[in-house]
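Below: one structure in structure tokens.
Lettered A, B, C, D, E, F, G and H in written order, each chain numbered from 1.
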Amino acid sequence: LRTGFPEAIWGPGKTPEQIVAIFRTMSERVPVALATRIEPEVFQQLQVRLPELHYHPTARICVLQTADPPQYPGAIGILTAGTVDIPVAEEAAVTAELSGFEVQRLWDVGVAGIHRLLSHRTLLDRVDVAIVVAGMEGALPSVVAGMAACPVIAVPTSVGYGTSFGGIAPLLTMLNSCATGIGVMNVDNGFGAAMLAGKILRTAARLHACEGDTKRQRSQ
Amino acid sequence: LRTGFPEAIWGPGKTPEQIVAIFRTMSERVPVALATRIEPEVFQQLQVRLPELHYHPTARICVLQTADPPQYPGAIGILTAGTVDIPVAEEAAVTAELSGFEVQRLWDVGVAGIHRLLSHRTLLDRVDVAIVVAGMEGALPSVVAGMAACPVIAVPTSVGYGTSFGGIAPLLTMLNSCATGIGVMNVDNGFGAAMLAGKILRTAARLHACEGDTKRQRSQ
Amino acid sequence: LRTGFPEAIWGPGKTPEQIVAIFRTMSERVPVALATRIEPEVFQQLQVRLPELHYHPTARICVLQTADPPQYPGAIGILTAGTVDIPVAEEAAVTAELSGFEVQRLWDVGVAGIHRLLSHRTLLDRVDVAIVVAGMEGALPSVVAGMAACPVIAVPTSVGYGTSFGGIAPLLTMLNSCATGIGVMNVDNGFGAAMLAGKILRTAARLHACEGDTKRQRSQ
Amino acid sequence: LRTGFPEAIWGPGKTPEQIVAIFRTMSERVPVALATRIEPEVFQQLQVRLPELHYHPTARICVLQTADPPQYPGAIGILTAGTVDIPVAEEAAVTAELSGFEVQRLWDVGVAGIHRLLSHRTLLDRVDVAIVVAGMEGALPSVVAGMAACPVIAVPTSVGYGTSFGGIAPLLTMLNSCATGIGVMNVDNGFGAAMLAGKILRTAARLHACEGDTKRQRSQ
Amino acid sequence: LRTGFPEAIWGPGKTPEQIVAIFRTMSERVPVALATRIEPEVFQQLQVRLPELHYHPTARICVLQTADPPQYPGAIGILTAGTVDIPVAEEAAVTAELSGFEVQRLWDVGVAGIHRLLSHRTLLDRVDVAIVVAGMEGALPSVVAGMAACPVIAVPTSVGYGTSFGGIAPLLTMLNSCATGIGVMNVDNGFGAAMLAGKILRTAARLHACEGDTKRQRSQ
Amino acid sequence: LRTGFPEAIWGPGKTPEQIVAIFRTMSERVPVALATRIEPEVFQQLQVRLPELHYHPTARICVLQTADPPQYPGAIGILTAGTVDIPVAEEAAVTAELSGFEVQRLWDVGVAGIHRLLSHRTLLDRVDVAIVVAGMEGALPSVVAGMAACPVIAVPTSVGYGTSFGGIAPLLTMLNSCATGIGVMNVDNGFGAAMLAGKILRTAARLHACEGDTKRQRSQ
Amino acid sequence: LRTGFPEAIWGPGKTPEQIVAIFRTMSERVPVALATRIEPEVFQQLQVRLPELHYHPTARICVLQTADPPQYPGAIGILTAGTVDIPVAEEAAVTAELSGFEVQRLWDVGVAGIHRLLSHRTLLDRVDVAIVVAGMEGALPSVVAGMAACPVIAVPTSVGYGTSFGGIAPLLTMLNSCATGIGVMNVDNGFGAAMLAGKILRTAARLHACEGDTKRQRSQ
Amino acid sequence: LRTGFPEAIWGPGKTPEQIVAIFRTMSERVPVALATRIEPEVFQQLQVRLPELHYHPTARICVLQTADPPQYPGAIGILTAGTVDIPVAEEAAVTAELSGFEVQRLWDVGVAGIHRLLSHRTLLDRVDVAIVVAGMEGALPSVVAGMAACPVIAVPTSVGYGTSFGGIAPLLTMLNSCATGIGVMNVDNGFGAAMLAGKILRTAARLHACEGDTKRQRSQ
């Protein structure tokens, strides 16, 4: 178990049989295996073969958990601009929780109604990494990165129409942000955002363990 | 004088001789004629031939004014996200003032430092139209349109690098805004924004004149 | 009721249960609530749960109206280039009427048969804002803005094939118009066009109320 | 002389020596040879070596004419939307005249001031092919093709800024025109437009010669 | 009957009832009315209501013909690069025939097997206009325009995969052709190509009628 | 000093006078102020006015340092694919060092010669964050993120030609990486990468200070 | 049989009847005929009419083989970055085998886990041409071309999401590779890659036959 | 000397000092070192420091040759569509010759005058690999690959204007070719084309050496 993270199957384009087979192989190796982008109909077919599978419908994630994952210090804040961005945000949230991190959710705080975000400032002060999920114009990460001291991971979503070009408009907004300290993900990549947030918190743990501890966790 | 606005010359690609000739023709017809996108070197060549020309260096506008333009009711707020957006904003401001409107300027209130904008809320309550000029990620119009009751005219600027694509990134942000009531202009088109703001305030004046007055100004 | 406009639900991606729940919450707050982009099948499912819902099939708008909305001065002209652009235009028209404005419709006056438009000049003189809806080459707003004194809101539609790129071709036409006084919307955004037109007419009312009245409506 | 047209040199990227050498070779073969996209400085260098060269400065065309070209029946109307489109239109006009056709010029009749075009209707009735040159939004060919019975050749120009993308915006407008009977050229290709107009008029001559004459000109 | 061409209905997005109604109105005015882009299922629904409708399945065109159209001099050659391009070519061919012109078809003569095209040279010498239909790399019009004296109308098709971008690759090939005398149409626009070919042949007829005849057909 | 980072001036588009004035204001507030994208000629003009300015020529950064910045735990590895990517990497390196972090440089380890990278594995094990700078095909971050446990910040550069589109090709490579744990920056944004790396290391310090310490550094 | 390769039918857009008819014609001419992009349902319809057809389900290729194809010297290595790239790789592999070449398959050796590729170095030393198939970021061909002495044919796949743009991201990666000796194919074009590999090995055979043999195979 | 090819320096963005230093290092290792994209002015500066440098002005290549390179069997045909494509073709030709291969040049055989190419068929029969260089519409590789039995390497050039997009139009043409057996290079990449051709001919030599020889050259 090199990275300490759950292993993941990218669901699209795989048959239920293939997914089940990969789950079986993985579960011999890691305590938590998951498959992403699993539609409800696919889950039903998987469950017949693998009854211990658990399904997170909004996140569209299936989990095969044979032991509790280790818990790590650090809290990940996950924010969305709109309600339609929630599935991508939940993909991030479920992945982060299965990776052993505390998650703080804050939905529907888009910039067109800036007061909702401002009224939740304390959440931004409390978390150690922020994942900001936004479609349409994708402006929320800029405002969050201007307010928060922690690193911001920006995830554009394919929510939108016309010139949103399936997520390209918010992607460009995020890449061009005037605020510093934002790392950008591919469109709808909630899973990847959680993996990066996890790497950030675990490198932090390793770094500070090194300083005070005798046992170095680096090659864990 | 059909629209009541100053007539304008688009400077790029015209020789000084051509610009002077058009100014002379226009000034017989209208009290205020202007030329946009005039670099300082070009102005110097124009001034030799037409000493009464006045130059606004930041706006890069030359004016030939033979009489005071009529003044109209209504205030136009002009905001920029950054300082590099000021030339485009000044093109709008000078055009609006020469068209007879009051202008309220507010520079450098971009979303990465949202408190500066919030501290100027009253300006947004006081103006009748807002022109919002932003490059880079171009998120400012969304926040302004969420806060202001008046119509918002959004002007993307070509300020930026890499994936800003010379103003396309902020243009897409503005077109995809979650906030309603935003009309978008072409990149760097401060002049056009002022013309639209002017049409909005003049249609307002005509409409309400009709209701209370006997003399209808509509076909003025 | 801060802006005086009906509140609106963006239909796509929401279940009938979610839409009904939002309608119920909204109707406690505002006299007119509406949902856009509702297909007939969805309306049938909504109506079972909320029998007082009214449906505008061409505009694809559902309305829950608990009181008459206030009426405002000012007329909005809505024009289309072709008949296929009518659904987007009706989305604008129904939104504008539900917002309390008079609407003048003029369908199928595209530039390839310029005489039809010329024969309806008086409509352009009579309205206070014009919403111009066009797909394919999207040239109609340029011609209208050259003829009308009022502000023009241009809405590109996704009608077209090949190089129309789902509305990008008419969008570019509108952004690059030689005529001044045009604010451009995202592709197919008839709703947003009506909201901007409404903001224009209401800011006009506030501005002129201020001048003659003692009671200021600005923060209404 | 297979096609009956003057032969042409594409100037950019060739040294004056190379251009002169090609002119010398061509002039042994055809009565009219021309080079396009020749800047004034280049012409001066060419003239030193080839004093009989004639220069059309607006069209940026150099001509080496050793005999009068044959004259053909048919008139080509050439229209521009703006004054900045004139160089491209002149490239077409000079090429057409050197190919032996009558040219009717009509400059600055863009759609934002539709009355100027309408006041020149008779020109459209009089010509046999129309070449319509427009930058910015490029809407003029649609209006012309709706009014004229003759074929229309549309030439987008690189005139514009921001989202005109160096002529792509008017190109898309022309390709997506609702009016039928328009053939579109590459950006700024005035030369090609004249060559196509010439082929149209010459095929017409051959076709009708065949019907009434004994001598077939087809393989001329 | 201003242009002498059949009137046409663009089928997509119209209900069978709407198409039938427009056919009925048109057929009072013109001898030949047609609808394009009609799938077989739609034709079956139309035929129930309008039994005299005739269907061209490959061209996907429905025709309502109440009299024979006038026949005009001139032959239109229509070529395709591949067999998959035939539906677009047939749309052009049927439109041209219904407009009263002779059509010469030549299918599957793409540039990757240049000898097939070379073996049909005489067809290119015999026709008065050539319509060249090609998808994939779209190179055929360049070769044809280099071989033929007549004008060439190039129609890119959406046939292809990956980087053909639904017809953009062949469109660019055609616009950038080194051969002169090519007018380009929008992707898959076989109908428009036939209309332009018809305008070319009819302007030819008018032009030469003028020279020899007393009766001028120009404003027919 | 809210974030603990040096304050920075974006150089392009500012006059030497403006830059000097901002430096003077900043230096009253922070111990380290810097300006990025400063060409040597500009530095010479700045130095005349502000002799204590220090210049990093490869990074094109000017620094005004009035005190030593605080030093923080954690090492930042900075890698480039090629030697032409070094200026962007140095912009990151100098910014990181001025922010108080240890920097490990590794230049010219692109994927076309994978053994050079493999021979430097231990550097990847030793650093706490990796900034990977690559132009052309931009594949290096994928390989690094597959080998390293720490978070990876990927910076595409505008180095390349033809289809690299000024950095868009490597940007897309980085966004589409199969490796997880990569946050992507705008093209050439070495400064922003260092700022994000700094935020990661400082959030780590805060987080672990909280656990073992009584004094919370969070709002430092 | 000019090229010595099997003849191929591009399946999409053809009816089963058409495919069967082409197979019948081809099989009179060549020992091996194949059809690509054949879905299982289509194969079932084909098999009813042509029972001797053989189907490769992963490659989606149907074969009609009336004799054994000649075998040629040379081995083609085919590699994929992921498992989802296998169908495109199998299209190449089956085509190559039917063309008479030895194929070495190596699946799932993407750059995010570079050790898997490194552990298969000997395969790269053993083959004479390498076909490298990759989607997502498409970085594998760069690494392979840096390691292998033989020519590399790179095939981008449409596997990916968001900014992979259906294969454009890996295509750009491949075109911009720092490694030399890579020829790039259109997206998903496994068939074409095999044909190019075959031409490379057959030209090799002809070249070396010429040197040592008396009988020249060149016009075979 | 792993690959047997000359080593190469990419000139742009390097100072004369840097280029000279790399030349000195290389020349200790290989008999032939070259630098590409060297403008005449740069060569003059290099020659001062390194008098034994040789310059190929059309190819813009500098060579430092300390011994004769080995000669290899096989001829490379290099064709251009136009004369403006020659610099890119010469970059390929000089690189190929310095790599030890025979080169056959054929300039200016573009598809708009197909007979010139047809009259040189025997060259295509004589060469073992063909490099085809074309800008504008880039159609030449399709025709060549249809005529030649050998592999074709297609190089798009940035020659063109308007919608050629600096070489993207011919690149797309080449990727979408109906002819099989074409490997495509990045825009203007003549050097890379020669390197791929060299790898093809050397892999051929190794393959056939293996069959008849005892000494295996594979790891040479």
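To be clear about the criterion, a residue touches a chain if its C-beta (ideal position, glycine included) is under 8 Å from a C-beta of that chain, and two chains touch if they have at least 3 such contacts.
Predicted model, so just to flag it, every value in this text is computed and none were measured.
**Q** Trace the shortest chain of touching neighbours from subunit E to subunit G and give its length in steps.
**A** 1
**Q** Pick from E-G, B-D or F-G: which pair repeats the contacts of A-B, with over half of them the same residue pairs?
**A** When the residue numbers line up for over half the pairs, the pair is F-G.
**Q** Could you work out the angle of the rotation that brings the CA atoms of subunit C onto the matching CA atoms of subunit G, rounded to the nearest 5 degrees?
**A** 180
**Q** Looking at CA centres, what chain is most distant from subunit G?
**A** B
**Q** With chain centres taken as the means of their Cα atoms, state the distance from subunit D to subunit G in Å.
**A** 47
**Q** Centroid of subunit D to centroid of subunit E, CA atoms only: how many Å?
**A** A distance of 25 Å separates the two centres.
**Q** Between subunit A and subunit G, tell me the centre distance in angstrom, where each centre is the average of that chain's C-alpha atoms.
**A** Those two chain centres are 38 Å apart.
**Q** What positions in subunit B touch 2 or more of the other chains?
**A** Subunit B, residues with two or more chain partners: 162-163, 168, 171, 175-176, 186.
**Q** Which chains touch, pair by pair?
**A** After working through each pair, the chains in contact turn out to be A-B, A-C, A-F, A-G, B-C, B-D, B-F, C-D, C-E, D-E, D-H, E-G, E-H, F-G, F-H, G-H.
**Q** If you look only at subunit H, which of its residues touch subunit E in the complex?
**A** Against subunit E, the touching part of subunit H is residues 81-82, 110-114, 118, 136-139, 142-143, 145-147, 160, 162-165, 168-170, 172-179.
**Q** Which residues of subunit H touch subunit D once you look at their complex with the stated criterion?
**A** 84, 159, 161-164
**Q** If you look only at subunit B, which of its residues touch subunit D in the complex?
**A** 10, 12-13, 156, 158, 166-168, 171, 186-189
**Q** Under the touch definition given earlier, write down the residues of subunit E that touch subunit D in their complex.
**A** Residues 2-3, 73-74, 125, 128-129, 149-151, 153, 171, 175-176, 180-186, 191-192, 195-196, 198-208, 211-212, 218-220.
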